[in-house]
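What follows is a set of structures for review.
Okay, so chain A shows up in both of these, paired with chain B first and chain C after.
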Partner chain A sequence: MNALTIEGSQSTPSIFADWDLGRLIMQGDSYPENSFEFFGPVIDWIERYLSESAAPFDLELRLVYMNTSSVKAMMDIFDLLEDAHGRGRQVSVNWYYDPRNERVLDLADEFREDCSFPFEIAADEQ
Partner chain B sequence: MSSEPRPLHDDEALILRIEGLLAQAAYQDNPLREPLAQLFEHSQGQRHRLERLVRISDGYQTAARSDSQTLAEQYDRQLRRLEKLARISDRYQASLREMSEALREASLHDPMTSLGNRRFLADRLNEETERANRKNSPYALAMLDIDFFKAVNDSYGHGAGDQALCRIAHCIQEHVREYDHCGRWGGEEFLIILPETALESARQVAERVHHEIGTMRHEFFDGRITASLGLTLYQPGETYSATINRADMALLRAKAAGRDRVEVA
Partner chain C sequence: MESIDLFGLREHFNRSRILLCFNGPISRSLIEEIGNALKNYLQADSVLPSAAMDVFSAYVEMTQNIRHYALSRGYDELDSSATIVVARDAEGRYVVQAGNLVEVRDGEALLQRLDELAKMDKAQLKAAYKTQLRQPRDEDAASGAGLGLIDVARKSAQPLAASLVGCSETRSFFTLRAVI
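Let's turn to the complex of A and B:
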């Protein structure tokens, strides 16, 4: 059970995790009715990857709108990465934002505060 | 720490002395020796208990102290997290609010002329109708239609037609009074609402708008573009649709009478 794919919907991001590449991608808006239920498998996957694999981990984000409980879930995920980084693991976050929506840049920057691992925020030129 | 603690060597000296006395053969038969031995033993027992008690108590205190430090650290950490969560969440909310404001603006305005649209006019008509009935001071309503606008489009192209429409829209807005409302009703029709205005004053505003449109210069041709207006007064108790219908009838009369004029109904 090393693959994790969640189809996106209007209120939830699409999620695709690749164990071999050590990468998890999240994309879209996030205001699920039950964030705990929605992010549970994502957090489990990351925890399991960080404990079972010694390879680097990269989180790729293209998130736009998030409700409060999704913000909290993301903070929990970044805390996991911060702990792993503290144990000497190689982890990184790449957050791509739509250059037409610069607000996301400020928000991503707010998330980045307190993170000491590599956390890049870049305009998405796709 | 007010009283000087008794030096340790005093205790030890006393113990050694008693032990020495109890060991001496000369005192073996002294009747006080047995009670002294008992007292000594009891005292030593108490000493050991006291030391143990202090050790255990110190241990508890250290543990409690480190617990409360850990709790304070956890509390501070959670508080910082909560503040960050609220900060980020507030920003998302603010951006949604701005977006909804922009959407509201867009929903009430005609994107081409940037005047109010039909929905905007309906909102104003509801308000003014309510106010007219409450204060018994009717509003005036003018329906304006650009004369032969189809011919402008057909002869000079839709680009020129759009440009003329925009300029006329601005002209209307510029020459109504500050508290009048105007908007695009549809196509080349505009509505002007003149709150709490008597017919004679309303006619002056309508004539001024009519005149200004007729004297505008246009880039794409030398002629004039004129407008016809139908003007009426709101009648207490009626729906605004009835008022609009009457303004429309006046407009039709203006058209029938050769256009380029203001008719009152």
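Let's turn to the complex of A and C:
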């Protein structure tokens, strides 16, 4: 009930949410034709977690390419986190990127400009 | 029926430095498959990952825009056809071009919008992008709501070039060109 697992595909990221740990991970490319539909369950899960649990929430991102409709959906997610942060909730984003591709850093950085909660961007040396 | 001159076609492709082209009805899975071929090509060509992503991104935004548009207008398979060409110019830059049928009025509105975008510098384009990102989503729009064009404009090394060719009283063929 509280678990959310979406297997990745060529155009959609893999998603794994762990309620007990208060963590949601997204990894891969994201360019579905209908991003609103794809990210719906993710947005619902985060909304439910933030309303039903009082524990901290961490969003771990290892996203690479995102089309603009995915960017828009991600903005909705960050807005949820921003609201929660405004209500005193402990929320954070950790975005790991491949240091060979600085475009991902630009993308993450542009999101961070509009967020006031802890938002770390780190090169993933793995 | 006159046979198609494949050799001539090949010569034309080579002369125009065309790496990839497609003409016909485009589906979600075809966008992915052609995109995959493009990615592999760019990788084999040792293009920097960030530049390869810009080319891929222009391709995805343009083709998905065509899909969304054709769906929103209820076009049949033939009218939903996309013409897509990825080529290199004399300076070795990548040129991504996509064309599709549009209603004459929509085509004119698009040209006007592109004209506005062409006058913006990178900072203005970024501001326009952020404003568009904050626009409420249309109830029936599944797409990024107009973000795509601005995104491609931000990645293009020169202002996006667009043209319209009249096809009938109600339809035009719209072409968009980005240089990465």
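Brief remarks follow.
Going forward, the second predicted complex is superposed on the first by the 126 of 126 C-alpha atoms of A that agree within 3 Å, B and C clash if a C-alpha of one lies under 4 Å from a C-alpha of the other, contacts with A are read in each partner's own complex, and residues count from 1 in each chain.
In the analysis below, a contact is a pair of C-beta atoms (placed from the backbone, for glycine too) under 8 Å apart; a residue touches a chain by one contact, two chains touch by 3 or more.
If you're wondering where the values come from, they're calculated on a predicted model, not measured in any experiment.
Partners chain B and chain C, brought together by superposition on chain A, clash.
When both complexes are overlaid on chain A, the residue A:F36 reaches chain C alone and has no touch with chain B. Of the two partner chains placed by the overlay, chain B and chain C both lie in contact with A:R103. By the touch criterion stated above, A:M75 is placed in contact with chain B and with chain C alike. Contacts of A:D44 after superposition on the shared chain: neither chain B nor chain C is touched. Comparing chain B with chain C, more residues of chain A are touched by C. Touch criterion not met for A:D83: it reaches neither chain B nor chain C. In the superposition on chain A, A:D124 makes contact with neither chain B nor chain C.
Shared-chain residue A:Y65: touches chain B and chain C both.
Superposing the two complexes on chain A places one of the chain B stretches 2-10, 74-82, 146-154 or 164-172 into chain C: stretch 74-82. Of the residues of chain A, those at positions 65, 67-68, 71-72, 75, 103, 110, 114 touch chain B in one of the two structures and chain C in the other.
Chain contact summary for the complex, chain A toward chain B: residues 65-68, 71-72, 75, 103, 106-107, 110-111, 113-114. Interface of chain B with chain A (complex): residues 80-81, 84-85, 87-89, 91-92, 95-96. Listing the residues of chain C that touch chain A in their complex gives 28, 31-32, 35-36, 49-50, 53-54, 56-57, 60-61, 64, 67-68, 126, 130, 133-134, 137, 142-145, 147-148, 151. Across the complex, chain A meets chain C through its residues 10-11, 31, 33-37, 64-65, 67-72, 75, 98, 100-104, 110, 114.
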